[in-house]
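Two complexes come next, and they have one chain in common, subunit A, joined by subunit B in the first and subunit C in the second.
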Partner chain A sequence: MTQSVDLGLPTRLVDVTIDGETVRVPEGATVLDACEAAGLDIPTLCYGDTLTPKNACRVCVVEVEGSRTLVPSCSRQAAEGMVVHTDSERARHSRKLVLELLGSSVDLSTTPRADEWMADYGADPDRFGPRAEPVQAGARDVLHTGHHGEPDGATAATVEQPPKVDNDLYVRDYGKCILCYKCVDACGEQWQNSFAIGVAGRGFDATISTEFAAPLTDSACVYCGNCVEVCPTGALSFKTEFDLREAGEWDESRQTETTTICAFCGVGCNVSLHVQDNEIVKVTSPHDNPVTHGNLCIKGRFGLTHVQVARKERRGREPRED
Partner chain B sequence: MVLWGSNARDTHPIFFHHVLKAVNSGARMFAVDPRRTSSAKWADRWLGIDVGTDIPLANAVAREIIHAGLANRAFIERATSGYAEFAEAVEPWTLEVAEQVTGVPAELIRELAHAYATAERAQLCWTLGITEHHNATDNVRALINLSLLTGHVGRYGSGLNPLRGQNNVQGGGDMGAIPNRMPGFQDILDADVRAKFEAVYGREIQPRHGKHLTQMLEAMDEGELTCAYIIGENPVQSEADAAHTVKRLSELDHLVVQDIFRTATAELADVVLPATAAWSESEGTVTNSERRVQRVRKALEPPEGARDDIEIICEIARRMGHESWTYASSEEIWDEVRSLAPIFAGMSYKRLEDLHGIQWPCFSEDTLEPPYLHGRLWAEDPADRGAPAPFAALEHRPPVDLLDDDYPLRLTTGRRLDSYNTGVQSGGFSSPLRKGEAVDLSPEDVARLGLNPGERVAVISRRGRVVAPVRVDQALRPGLAFMTMHFPDEVDTNQLTIEATDPISGTAEYKATAIRIERLNGEDAVATEAERPINTEAR
Partner chain C sequence: MDLRFRDAVPTAEERDAVDALLGPPADGWRGGERDAAGLQHARGGHEARDRRDLLLPALHAVQDRLGWISEGALDYICRRLSVPPAEAYGVATFYALLSLRPAPPRAVHVCTDLACRAAGSGDLVAETTRRLGPAGAPVNGATWHESPCLGLCERAPAMFITEAGDSPSAVSAGPVNADEVVRAVRTGAGALEPEAPPAVSVPQAGSEDLVLLRNVGMVDPADLDAYRARGGYTALRRAFDLGPAGVLREINDSGLVGRGGAAFPTGRKWSATAAQPDHPHYLVCNADESEPGTFKDRVLMEGDPYALIESMTIAGYATGCHLGYLYIRGEYPRAEAALLNAMATARERGLLGDNVLGRGYAFDIELRRGAGAYICGEETAIFNSIEGERGEPRSKPPFPVERGLFGKPTVVNNVETLVNVLPIILRGGPAYAAIGTGTSTGTKLFCVSGSVAEPGVYEVPFGATLRELLELAGGVRENLRAVLLGGAAGAFVRPDELDVPLTFEDTRAAGTTLGSGVVLAIDDSTDLPGVLLRIAAFFRDESCGQCVPCRVGTVRQEEALVRLSAANRGAGANGHAAADIALLREVGQAMKDASICGLGQTAWNAVESAIDKLGTFQEGAS
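Take a look at the complex of A and B:
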């Protein structure tokens, strides 16, 4: 009666040549994995180590010999004998254009390493002209697919808009959104299965939205913050981080990150406490942890501040009475 | 996958991620719960059971498995005992009888029996819906019976999974904070075990069981227990029949409370010892529900005057004359535990770090055991197989707090997604989901009683009375009400609950209180904005 469990065959190894160097990776690994094994640093934005590759941003493209088009390294499987060029003129040119298009239309000011990549690839996001003024709050939520205004040609169109601050836990600043879909996947069937958000609209008018663009407080959101965990640009952020940035007090050089265990139920989720001035300013979870895979619930993500209520009160920021 | 008396979607959300992964890959899921919970909405079948009829349901499932010829005869013969008496005990529980007693349609009971028995692998998970009853231990044994009957135990992917409700409740037991075991679940009645600990501790260890919490509270009544030292617990608000608990603690000669907050219990104390938060202001280990021992680390400097639990306990010991109670670090204490408790022997701090925690048992530093227990039951060699696992012949004993014309509604309690126990920890953040405490009622009962959603009403049991706003919950069937104990300062639900406890575990029957609802007059009945009903469907 005892059934054996399929644990998979022992993995074969494949040899891949990357920029002239041969690396050996397990079958099923991606080209990006192979690049990392070769010690190379490929930029990524929409890639998420806990998510299925979405191939949305194209910033990780590389040249593979025999392939007509550039390939996204985050999703293409490494194959025996594959010859990859990560730094060819064609790959660099493509990455540069991706960075310029994103940089001209989206606020990348909180995207880690964006400035560094811009410099590395010589990207000039300003070459499309000065940025258009941000639209009014909510204006992008009511656009109708296919009904565009005529571009004026003098300014570069952007997705910039005021941040959505509709609850005390996290902020949605869609002027920083590159539409990578990671938050939608984390909220949907890949992890949380709450399906509170989706992609609404088409083309440049597309936005990440709750149903009928309702405020989060009227949506199916359960405030797990698993979308915040995977957001690559800071479009989604803790309210504490948002407020500290607004006040010019956010300072990662003064922060520590310590992983401990959540104080609530018995699941034993690993929580990484980001602490600035002895105050928890953000909570993440290690993506390689077998319990959480980087996910938390509302209590683990936002509910651990009970240890600092007193500190908050001292600073005159009393928590809202409920 | 069977979730029995567990609303893991709300109470163990990240465990439920793992369940969802299985469900999305085609696993069948059954939810047994009086409420159609957010977990039940993910199930293939919801068995809406009447509160306190778990044993009849389990017995009927067992009888159906036996009569359908789906029992695992080979496993029963080789690895279990007491089958004949068990089979006899379940014989009266036909599907039809069980339907009458439990409220679950016969066809659904049959379907659960067949799905569970024929599954290649099956998990039976439960939470407090099983254990917060006066016959909690019997309820658990009823579920164990099902796993023994089908052989769904001791194999990869098959097993019994009680989901622990608190981050280190397992670890407390691991460390011997239970009346009958030394650290590592070693029997305190075993002279060899005692001798091993005595050699290190340098003193004699009592050759008898201690008292569990409920027995301690009872011993206070009898004047046998006159002094209490309570660490990190708020019994004034968490124990059933709160008024009784307050009386008992107030009459003690001396009460010491060690906590990170000045809780309602601390208000009664002679001495309050401010402690650091064990999970973020000090170092150590905790054990989760899957027996995974993990490191907790210090991330914050504690408030002025708060001291580490270890430091406080050692300091008290030294004042009592035990000068040897000095430890350089939590790791030194952990290494002492490892030297005395074989199931932790292989868990060095380094290894816990490298392996993201380790599930016990872990006997040596170069081995890991399978992630499931009881694999011995499948061993070929009878010597390896060891003592057979006993079936239990169980009788139905309904909840102690009976329903009658004066108290016609069944109140059950539980936890909401964004809150936790008495709210001491979860009250500190501004949750958009939180709408204050209410008494949740079925749409049918709200209509029948002529109530308006949001109206404040009196909820009355044989022990107490509280006032709470009415909320309509589609998840409830007629006759069933639901409340939590998250906001005891607003609505002290434990004024209502009954202190009928399980004789073995000492757990009170929080899940089954008989109540009635009375309307209030005038302004008392007007709900405040904070009490307006929420759309539970979306949650």
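Take a look at the complex of A and C:
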């Protein structure tokens, strides 16, 4: 007996010219896909391979002939005959400025590749002046929308503030937040459907927040950590990672990453265990897993590390200061 | 949706305010009392959450009743509409006129924007601060705030007073002095003189030459019969005779382009929407007029509300819409009241509803009120605001004609654009196209304010020069220093350039823009760096925060302007002026090139033109 296999509609291919080179990509592919097919490395921050492009950060902008403004490559669909310049003066200028604007207002110290891109584009975030002092905890959660005090021009405003540590599993360090919306999308309808966080406030004063900036422990958060999985800057991190970094002991060169199968239930999600000094310090999940796409639940994400921390505490090796 | 609530309890009054809008809760699943019988059936899904578009009206209902939105009230709204509380909080905190912290019932908003600034709002604010304490501080049952443009520029300086309660009120007033501001804060709007009729804003009122403004001041805006007696609703009859295709042909022939600022051909927009196979189609009238210096739409809506209702009906008919949304900014209480009355009376008389004019066409309008967010006038942000989301612009493509409001094909037009439909239908497209110039057809409304004898809305055919327009408003003053065309997103014109014809193409060639029709005359008593700082502060406040170039760029622009202004006053080191100007240019270019929407793309226009054309901050200039 033969079974018919649904091959779907045939995919058309479109030809796009990227920096003078013609690339053929399937219809529906983005300009970013086409750039990758052409072997180019376009910086991205708010783009997530498991999420709908939000095109908020604008670091991936390219010049498309016939378009008045630059185009976000992560979300614009490649169209037949499109002529794209990824390395034009205009595109490089905007990318450099985006890096400078972010670098001057956000702590990018844990953002992968930030330093490399800054060097590539000759970005100098310090040229807007010395950074303003971080505000007190909670101060950015109660700002009056549509109003702000006149700056004095002596310092460059930042979003820096003390990290929010309100639970044992993960930390929200919004001084590192570039407002890419990925955590909100992962928490909301794109993955978890918990809707524990949203974007609150407006403009430079916008923040990621629970309702009325309530602590996570009092919110709809289910601690799946899928927000941590997609955070591009380390603003969201495992409490274990946060503590090790605070102690100056976080060292990726001493870490191994082992992908295995979560043992908590029968679904069989892949978990990647990041181990340092024989302790699990972080758990991620492969984004190309066709079932979970990098998502886990509280058990797979935090279950193992939590057991470990609890065990440590029982042994009294490292009494916590609570 | 399996939502988790923090179980903050609404007060009876908060519950009542929401129920007055939404009706009593249907069951325990949607905010009512939980009982054993109700627990037999789970209710949720689309039915529970498909009225997300009532989120903003519900937030308004609580704000209007209590003066602020408590956690209990937000929680109750969320239960009623099945909205996650974190999302609702994000929506509520997006708007400047909604308060999520305890606030007294009365709020007085004193405009400090361009026209009011030129008319002395700086002193007004200083005096108010001296007498009542700083903005935002409670003064027995009231607070006062500084505000972006209230759209009362012809009566600057202006204020806007809201009073929460069982019968909430909102009142505009201008021009006002410090005594009146203090009185309004202490005792409310009742202590003020009643607002002058709409015709005071139209110095040309009654002139034979007027097309769009012909009814303002000539008919009672609340009287449908008076409107009909002056030819009202003959255009709709004619439209029905022409049929949708005939209306589209006339609009295309007329050469009408959008008056909101982008100047997109209206006929093309309408034809593209009409041709979309996906249904329903929606019409959105953008009455969120918030560009600093703009007040023409307010005057049209206050003085001739039926004209807009009739125009929307024709637009809906031509593009295959049965529902139109009229999104009006929250600071226009009198226009809103006039439109609500016009819609109600039109409905009574069969001019809106299931069978308009007995011609078998169904069309109705829902009015939605904004809550203090300039960005909601952006053509896709307005959809998000109506849908109960944060008013953030969407990325285009897809364009509204394909996927707009509720993801359906949508025509979105500015008030003035729509009102032009009436003369086009009555005179015919070609006859209309004969007015004005070849590519800028018809007449245009200009909002003239600042240093002129008679500020107000003026209607002139395209092609009149800026000098002629200023002559109409009482003449060009000798000490004129510059004219800001197009608003905060526009550009400056020098006194030696006043002969520029006011058309889209000529102003573009002159390096400026008509924008929304702002003509703000600035004389040498105005501190120009201060104007630029106010513009920068405006964009910093009104950026939605979505994209980096605009969110951070507007902040860096303001900081650099603060340094330049200080240096200009001799208060700081001047050595870095050239560096700061270079910095502004670089940030400005990135905002222009890489921002998602027009707000960021134009946030540097006025500053750039002041530096390049007026020489502001340059050596030897001031």
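What we mean here is this: the second predicted complex is superposed on the first by the 297 of 322 C-alpha atoms of A that agree within 3 Å, B and C clash if a C-alpha of one lies under 4 Å from a C-alpha of the other, contacts with A are read in each partner's own complex, and residues count from 1 in each chain.
Keep this in mind: a contact is a pair of C-beta atoms (placed from the backbone, for glycine too) under 8 Å apart; a residue touches a chain by one contact, two chains touch by 3 or more.
It should be emphasised that the depicted structure is a prediction, and the values quoted were computed from it without experimental measurement.
Peer 1: For A:105, using the defined touch cut-off, is the partner it touches subunit B, subunit C, both, or neither? Pick first, second, both or neither.
Peer 2: second
Peer 1: So in the superposed three-chain picture, is A:304 touching just subunit B, just subunit C, both, or none of them (first/second/both/neither)?
Peer 2: In the superposition, A:304 touches subunit B alone.
Peer 1: Quick one: is A:134 in contact with subunit B, with subunit C, with both, or with neither? Answer first, second, both or neither.
Peer 2: neither
Peer 1: With the two structures laid over each other on chain A, which partner does A:70 touch: subunit B (first), subunit C (second), both, or neither?
Peer 2: second
Peer 1: Applying the document's definition of touch, where does A:193 land relative to subunit B and subunit C: first, second, both, or neither?
Peer 2: A:193 contacts both subunit B and subunit C.
Peer 1: Can A:162 be said to touch subunit B (first), subunit C (second), both, or neither?
Peer 2: Touch partners of A:162: none, neither subunit B nor subunit C.
Peer 1: Based on the superposed arrangement, let me know which partner A:220 touches: subunit B (first), subunit C (second), both, or neither?
Peer 2: Once the two structures are laid over each other on A, A:220 reaches both partners.
Peer 1: Return the residues of subunit A at which the contacts from subunit B and from subunit C coincide.
Peer 2: Touching subunit B and subunit C on subunit A: residues 193, 219-220.
Peer 1: Where on subunit B is subunit A touching in the complex?
Peer 2: 11-15, 17, 20, 24, 42, 72, 74-75, 120-121, 151, 155-157, 163-167, 169-170, 260-261, 277-281, 286-290, 292, 294-301, 303, 356-357, 378, 417-420, 424-436, 530, 538-539
Peer 1: So in the complex, which bits of subunit C are touching subunit A?
Peer 2: Listed in rising order, the residues are 1-4, 6, 71, 74, 84-90, 93-96, 98, 100-101, 136, 145-146, 148, 372-373, 390, 395, 533, 537, 540-549, 551-556, 558-560, 562-563, 566, 572, 583, 586-587, 589-590, 592-596, 601.
Peer 1: Could you pull out which subunit A residues touch subunit C in their complex?
Peer 2: 55-59, 61, 69-70, 72, 75, 90, 93-94, 97-98, 101-102, 104-105, 127-129, 142, 144-148, 150-153, 156-157, 178-179, 181, 188, 193-206, 209-212, 214, 218-220
Peer 1: Touching subunit B in the complex: which residues of subunit A?
Peer 2: Of all residues in subunit A, those touching subunit B are 1-3, 5, 167-169, 189, 191-193, 216-217, 219-220, 222-224, 256, 258-270, 273, 275, 278, 280, 286, 288-293, 295-300, 302-311, 319-320, 322.
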